[in-house]
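You will see two complexes here that share chain A, one where it goes with chain B and one where it goes with chain C.
Here is the complex of A and B:
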């Protein structure tokens, strides 16, 4: 399933870039993140607790950042599994100047297996949008805290 | 009460007798497989693949094994040591299919391990604790790409994923050599005034029996016998297969189909879960139970339909169809099950429809994909044929501006042409297609409906009329056409108290045989309906049998029951003749009496004669004591019931939502034993046929994930989806069996589906729409109204 969207930060590109790729900020912004361990450059092991309907459960997985093009774009890949099944997602994140702030546009693809696919596919798009929304909102806070 | 005062027993055959099964079914007093309790019963749960296609790298069962109450965990490799690959019922080459996957998984829901535990919930938790490491392979989802070998091979040794590479049939095909001569076909298309060409799909469906599958297996080590209870349509086939798979004699297996809550074809197949339960019960020496949950049923019970067709039709300007050609591609899923490969061949067989078409050609290819395997589903191949043919005829009517009823009438096989051998090789037994068409048109008020449609259109509403005509092959059948054998068996016993107990190999799962068969026997013996009991579904009680599918219960099972009854009746007449000092040929059986013709008060009661037969003093010469006999019978041909379904549909201009406003069905099933049961069968069939057209569809995503895995995403028709059904029958008897009954179990699904789609296309014709594939999703219809493709 394809997903795309964007978020506007009232902060310069350099500040948004720094926060988006900062492990502490990432950990704080990921909804339901219970564990976030760096395992290598731009690679992390994570535990996420998701509480939405058919995809409810605890997921163990990895987060990877690739194709870094500083302050411009990167690719974020998340691969996780739990009792309800497996989820794989990858998104290209693009940062552009936007009236003094920064626009982050994401576009990518989510694949699901197991009960998530069978029971939750109708909800998956909406749930993903909601979780991504929460992520950016929290990231916004992180960016503001750093500026302060 | 003297004989003269006995009440006159009512006529039974042909009467609307309420089903005697229903009180127990609707008051919760029926016993299904899941109701069975045995001491020491253990429970199975299956770990199933979440991947559509992949190599099993590792299965870690350690956590499951350590859970308290878990008796045993087995992977596919371990089970394969005690259980070989599963047998199928078709002659095509087939890949090995183990009950539990051994090295590769090929569809979402394929079992990869089994847990045996003290209770059902524990078993399920333990199955969830099993960790399976699968190396993903590309999922084969699109059958037309699969035929090119893309993107992967589902099975080694089956080039381009071809399960059945290419089977031609019909005009110009030599059935012995399969050599194909295209000259008649090419000539017909070259000389045609009109050519219709359309790709059509008949989408994948989930059968959704109200009762999911279930099995209890009980191997008794002391007796070295197994009893297996299963929600099956055919306990005798189950018995045969279980014996073969366990490597024991058939005398060591007793199979019991207790109450079965619907099957619709999906309970013909003998499944891996049944073999696994039997093998594990023997291994542990303990009874085991497995009950499918609804989520499992969506992915692990066979699916139905899923055939696409490239349809070409050639016709003259006056509506005479001169040739029909179909290239059929069946997406059979990941494996061959019992009858998987045979179902699409029934589509081929029925491509003549009800029409006298001089040239009919079919080419069939069956393709493996990474989906749940298909098998029979109500109609099994015939609804697909009817859909393709009836859509093509409607497209022709539209192209020529003819009334759809007239196009059909013009091409009908005429009443006096039966028996009629079709281009596809079927021998239609009997038919009177015009009478049923006329009745349907009259009942529907066809001319009036056309005016109403045109009036509604003038008002800006989107209204359409759809008509479809079907013929199906039922009463299966001669043994030549069924790998299981095409006969049926019955036993009739007159008990010592004069009650009648009969057994039938036609094991019902909703057909009402306990009622109809009792009607027939009661009338045959002239006794009360309540004095006849029909036993079924237990191979320990019913000596032999085939089972219930292909609308065969009445035509085959009913006939053999009458034959067994006739044998017993003849013998009973000998006892009565001795008691009455009369000639046995002069006796009549009526009103619970056996009397000398012409003197009804002079006879003996049925119970008196029965009692005498078991204590015959003196024993009449040349007669054995007792009253019990049995019979086998197989028909020399199938039966070919037919009918006409008409629907009216209105589509909401704003939302695209279709709504049926009228459904008229005229079905001809030959002789009818119980019109109420026939109505019920048609009623359910119409609902399922309409469900396919309008709201049902199994959907896989591009990775082979089943995304319609629950009733939230897979719709089945509810009462408020359906209008009142106006039903009627014509009766054209068959010469194939003495009663003249053809069968009716599947009929409703045949005509209704194309009739609904024909109505939708008619409704959308002002938008230039010529065809729309099922299901009729409102979004799809809305897009068509906006001028976009579907």
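Here is the complex of A and C:
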């Protein structure tokens, strides 16, 4: 399933870029992140406890950053599995200047297997958008903390 | 198909249920169970404790008090659908209950369960927004009241703390309101559902409230349609013009294998028109 959207930061492109690719900020922004270990350059093992109300589960997986083009774009890939099934997501993140701030546009693809996929046809898109929203909101805090 | 292990506790009173909720970790309320149990069987939900509130008498029943109608949160869809009081005083609510799911769901599922779960395609939220209902909620810190328009915040996300229970929904009697729904034929979830309520005096629409479900992550009002109706005569031209802008400006429209975002966008207008026609017919 394809997903796309954008988020506006009130911060210069260099600051947003730095935060988006900083392991500490990434860890803080991942919804429900319980474990975050660097396993190589731009590669991390993670445990996420993701929950939207009653739908809550623990997922083990990896996060990878590839196709880095500094202050311009990169590809973020998240891969995870838990009791209800597997989820794979990859998105191209593009940064552009937007007024005094920065617009981050994402476009990518989510694949699900198992129970998540069965439920997914109806709810996967909405859940993904909500979690991405949480990610950007927390990232916004991280950017502001760094500026302060 | 088999849920993970959980503790089961049956509460015999509201206060006992609240106490059980606050003393157990990862506890969930079990009302009718027709949303929660399937999620548990898919292991998408793994509560450690289920607190069964299905046999608490205080949260059941439909009453009229001081000019307001109250429906207990534990009242089943079937009881709402077949209530003579609602048929007479607020027929839109009974209509809506009759459109939910299938007979098994209507015999077990409850108003409070539907509201608290807040599925993006649930029917009740749209109607509760249109009739401007308020929910009476009790928790560890006592009672509070939340308006429907403040209650639904996001997909499966409502203004309800972990130790709180919806006790009832209250609203004024209303005739001129109607619910129009496009069914997903297998599950009977709303692909699009629109509830419309109108107030008319001296031949002109004084107020209008439109509730929309199935379109985005949660049920919302449609203020642009409401504004387009106010001050106009309740006739077909007014309805067509208002329905023609329904959903305009709405972002993040749901898209799934049952209906694309474009199709949903088109159906918002169609079902807004039908809901308004239904409300006008009851004037």
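Note that in this section the second predicted complex is superposed on the first by the 144 of 148 C-alpha atoms of A that agree within 3 Å, B and C clash if a C-alpha of one lies under 4 Å from a C-alpha of the other, contacts with A are read in each partner's own complex, and residues count from 1 in each chain.
Keep this in mind: a residue touches a chain if its C-beta (ideal position, glycine included) is under 8 Å from a C-beta of that chain, and two chains touch if they have at least 3 such contacts.
Source: prediction; values computed, not measured.
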item	value
Partner chain(s) touched by A:147 [first = chain B, second = chain C, both, neither]	neither
Which superposed partner A:52 touches (first chain B, second chain C, both, neither)	second
Touched partner set for A:130, first chain B, second chain C, both or neither	second
Chain B versus chain C as contact partner of A:86, first or second or both or neither	first
Contacts of A:118 with chain B and chain C, given as first, second, both or neither	both
Chain A: partner with more touched residues, chain B or chain C	C
Shared contact residues on chain A - chain B and chain C	83, 115, 118-119, 121-122
Residues on chain A engaged by chain C in the complex (per definition of touch)	5, 52-57, 83-84, 115-116, 118-119, 121-123, 125-127, 129-130
Chain A - residues contacting chain B, complex	1, 83, 85-86, 111-115, 117-119, 121-122
Chain B to chain A touching residues, read off their complex	50-51, 108, 128, 295, 298-299, 701, 703, 705-710, 712-713
Contact footprint of chain A on chain C as seen in their complex	4, 26, 28, 35-36, 39, 42-47, 117-118, 120-121, 154-157, 189, 216-217, 252, 254-258
